[in-house]
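In the two assemblies presented below, chain A is common to both, partnered first by chain B and then by chain C.
Right, the complex of A and B next:
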């Protein structure tokens, strides 16, 4: 059932400038202040490696507006080892955490050995100490690993600096591009360019493939593209329209929508034996499936009550439960990584905004304040939502941290960007 | 409309008559995969009649005005070899839901045409959801123009 397609249109382009760049719109007044002290270097090592690494870490940590930094020229001292570290130098500047480090040795193969320590100034203790060996060609990668570790230590949440984002760019009326980039906008790759619309990207759990919908043959079809080889396979799930593919947490199947003669229902498609299993069977519209983190349930949108509302269905018992009742438009639901809450698009008084709801409560909380918000995607640590919205005739991406500390936007230089999909973590 | 010269409408199938009992096995659903039918954009028939009907937000119902418009169009529709119905939505709400809603709208038109004696076999239905708006502005007027089914004859 899977048809192999030739790769005429596949190209990978690494843009020099990031297409997406995060702009912080609103930071909170009481963010934790972190001092990223330029790392020391052992003699014989390229001089700027030390400051390059600490600058990269600083940039990562500030990316989503979750922290405040101390400017390097305001620092009273520049320690690179614990012996030279004095808490009072940081306490007096209102610093909450200080990161110091040293690039220790480089061997003939160009390997660097970087040691680092993180101090909690208020508690006057060292809270993290680490060492990492990596190639000097991969200073960005090394910096991301250290950033993840200190983010985890400070917040208690998984670091997300080595995650990626997929999105669709509509640069003019007849050009659609399926793109991925690092979460900071760097290393953009164009996976596929088409003259017909592209929709609904979703990452495989191993981050090796993207499923999406393309109209290249005149109607909605689901494709799976391998990111390494660029190979594209179409899923011939039949019916009139195939849409809204989402990978199961184990990567072995897709939940998707097949419409037979205009009756879209949710199906499960096994990647192994290519078999299609029906999950819903209703004359209304059933679409926008998404898996619960434990794989046991699927949330979906249905208009069976007369307006789009969210439901969940147990994939084994097929028992269904209505999840939303307030408002006449609640659609495209997704579970939080802990499975206890959902986020979705909530229509209210003609505005369409991103909202959340605990499964255990009826109360819907609206997160965004623009009026055409859609396609929300959550960071794998459950703390940040990025969504698509529109300003004038151009679509851009907006973001918000769920602790309310920061709002940011990811504009594109030209055209419209839409349908963000946050990658899973690399495990 | 589409810049691509050839539409390969491989899976736009005439299963409306037999869709009621869809089995759970993909093998048994192969009936739906009718042979692809290709036709050229250049073969489109010229017509003087309005080729669009419009809908209310989140609705796929044809009102009396739409129906009388389609009735005026009937003689030409009956003469055409292929009737292509393309459903669209405005940008509000979610993309995948709108894809389904656009299909609903096109099918509403198809069902009306069948009732009026047009052969279902020559009708091709496709939805673009909110992906191909006529107007890119975000206001009531643009949204009203974008919630449409486009009818083209070949």
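Right, the complex of A and C next:
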């Protein structure tokens, strides 16, 4: 009874004396500053390992311009355990997070035991502590795992440092290479070289295969290549040309474009029974399909209204919906990983830029400021878009974080880089 | 006897409940300046009172009445009392005008300090990347008259841990809101001794 009365009193008094409320909508444009302290080493262990690991982690974390670092020579101390760690040493340098670690031991098989801790300097708390065992031949791999964990802890998003990217390099006028590499451009592998154009690479959800279009036999044909064995299989679909293959997130089907007598439409190709099912049937050009994250809908480009616009089709009911109306060129649509927004190439007065649109909103927003952007692909954590763009005649890969704070370009390759496709995460 | 007590209890409960309902409807939830995103409910309440203080009507009637009395020169006792009371109203009108000016000055002060606090928090709050959902979290702040933050607590956290963490990190960077030193003590006590910061993310793609 007393509790009830006091609650009533609280409610009444609260509504009589409202508290001043100040709304904060805008955040800072500054980046979080992270100190990557060189890892310590136990005696008897190769001296370089400590600094190598922290340098790798630092490089990963700075790759997309999402963080700022503190130079090693500016640090006031180099702690490798919690006992030697003093918050004030980092607070005075304006550091937000500090990473320390130590290589504790190496066994007879060459496996390193590494421990690490991440501190939030402003809150004066340890926010992450971990231990990892890995081969001394795979320091890069170990660093990527630690980087992912730190990134997740700070941003709340999945780490993407162990993802890969597929792309086509057009090194001279008639040489095309289908390549994959780590997201930082390292460990490049050439999957296939051809004198004829290669296009539209797409990763299988298990990251074991890549589908792409090759013109090696004169017509557009879809090939699926196994990354382990290197084996290539062409999809024997009907029709004159087959193009734009995209794996469904559940891995059961490929959405693709089949052209019968010059009229491209969207079809589904079942990976199990190798059957083709028609999704669209229109005299206009329907192309560039892409799956929704729940594998239930497909977004595609169609010129049925007179100009290229984006449409969505339900794969079961086949009900269609027009998604874009701004301007006379909206193409190459893709869903965000949450399925609530899309990104695409938006053409305006001869400029082609990457734009985004919430499916619940009427408005589109352009992300990029370059003018010849194409083939956008999104990081599996939904935070970064990489796209192909041009500097003169040379194609390279540009990127932008969705908060707009960071714009970057990926390491330049020899030759023109086009058609990037970001791999899914490994679960 | 017991029955009588129970019914008395019930009567008080109903009375309290009615007072709760009444207070909820009688105190409107108001916005002073949407553009600046600062909500100060208390002052809109006073604004409504200001309308009651609108002294232009009684003033003119008093003037008319004064002319009338000087022209006729003789009137009954009741007329005299009415004149006196209207003079009183006139006096009240002037007093109200002063109150009005004072209130608008106070209002301005609150808005000014609130805007500075808003700007200072915005400049240090590093919003987590790519928040696709709409989020809202409320922090209660206790200030000393010197502007020192005595305490803060996340009284209404959002569903997103990173969003909550980013707010706590930003709040830990703040130690003083010395801007409140420019306020009158009464104004500080009424508005800034305890106040809320409402952090919002509209889920926009920037």
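Here is the rule we use: the second predicted complex is superposed on the first by the 395 of 427 C-alpha atoms of A that agree within 3 Å, B and C clash if a C-alpha of one lies under 4 Å from a C-alpha of the other, contacts with A are read in each partner's own complex, and residues count from 1 in each chain.
By our rule, a residue touches a chain if its C-beta (ideal position, glycine included) is under 8 Å from a C-beta of that chain, and two chains touch if they have at least 3 such contacts.
The shown structure was predicted, so the numbers you read here are calculated from the model rather than taken from an experiment.
Of the two partner chains, chain B is the only one that A:307 touches; chain C does not reach it.
Judged by the touch definition given at the top, the superposed model places A:382 against chain C, while chain B stays out of reach. When both complexes are overlaid on chain A, the residue A:117 reaches neither chain B nor chain C. Contact with chain C, but none with chain B, is seen for A:31 once the two complexes are overlaid on the shared chain. By the touch criterion stated above, A:157 is placed in contact with chain C alone, chain B being left untouched.
In the overlay built on the shared chain, the residue A:353 is in contact with neither chain B nor chain C.
Once the two complexes are laid over each other on the shared chain, residue contacts for A:419 go to chain B alone; chain C is not touched. Legend: residue contacts after superposition of the two complexes on their common chain; A:96 is shown touching chain C, with no touch to chain B. Shared interface residues of chain A, touching chain B in one complex and chain C in the other, are 1. Within the complex formed with chain C, the residues of chain A that make contact are 1, 5, 8, 11-12, 15-28, 30-32, 66, 96, 120, 122-124, 154-157, 336, 338, 340-341, 356, 358, 365, 367, 381-383, 401-404. On the chain A side of its complex with chain B, the touching residues are 1, 174, 195-197, 199-200, 215-221, 236-241, 243-244, 257, 259-264, 274-278, 285, 287-288, 301, 303, 307-308, 329, 331-332, 345, 347, 350, 352, 372, 374-375, 390, 392-393, 419.
Of all residues in chain B, only 2-4, 7-13, 15-16, 19, 22, 24-26, 29-30, 32-33, 58, 91-97, 99-101, 103-104, 106-107, 125-129, 131-132, 136-138 touch chain A in the complex they form. Those residues of chain C whose C-beta lies close enough to touch chain A in the complex are 9, 16-17, 19-20, 23-24, 27, 29, 37-42, 110, 114, 117-118, 121-130, 132, 138, 140, 160-163, 165-166, 168-170, 172-173, 191-192, 194-202, 205-206.
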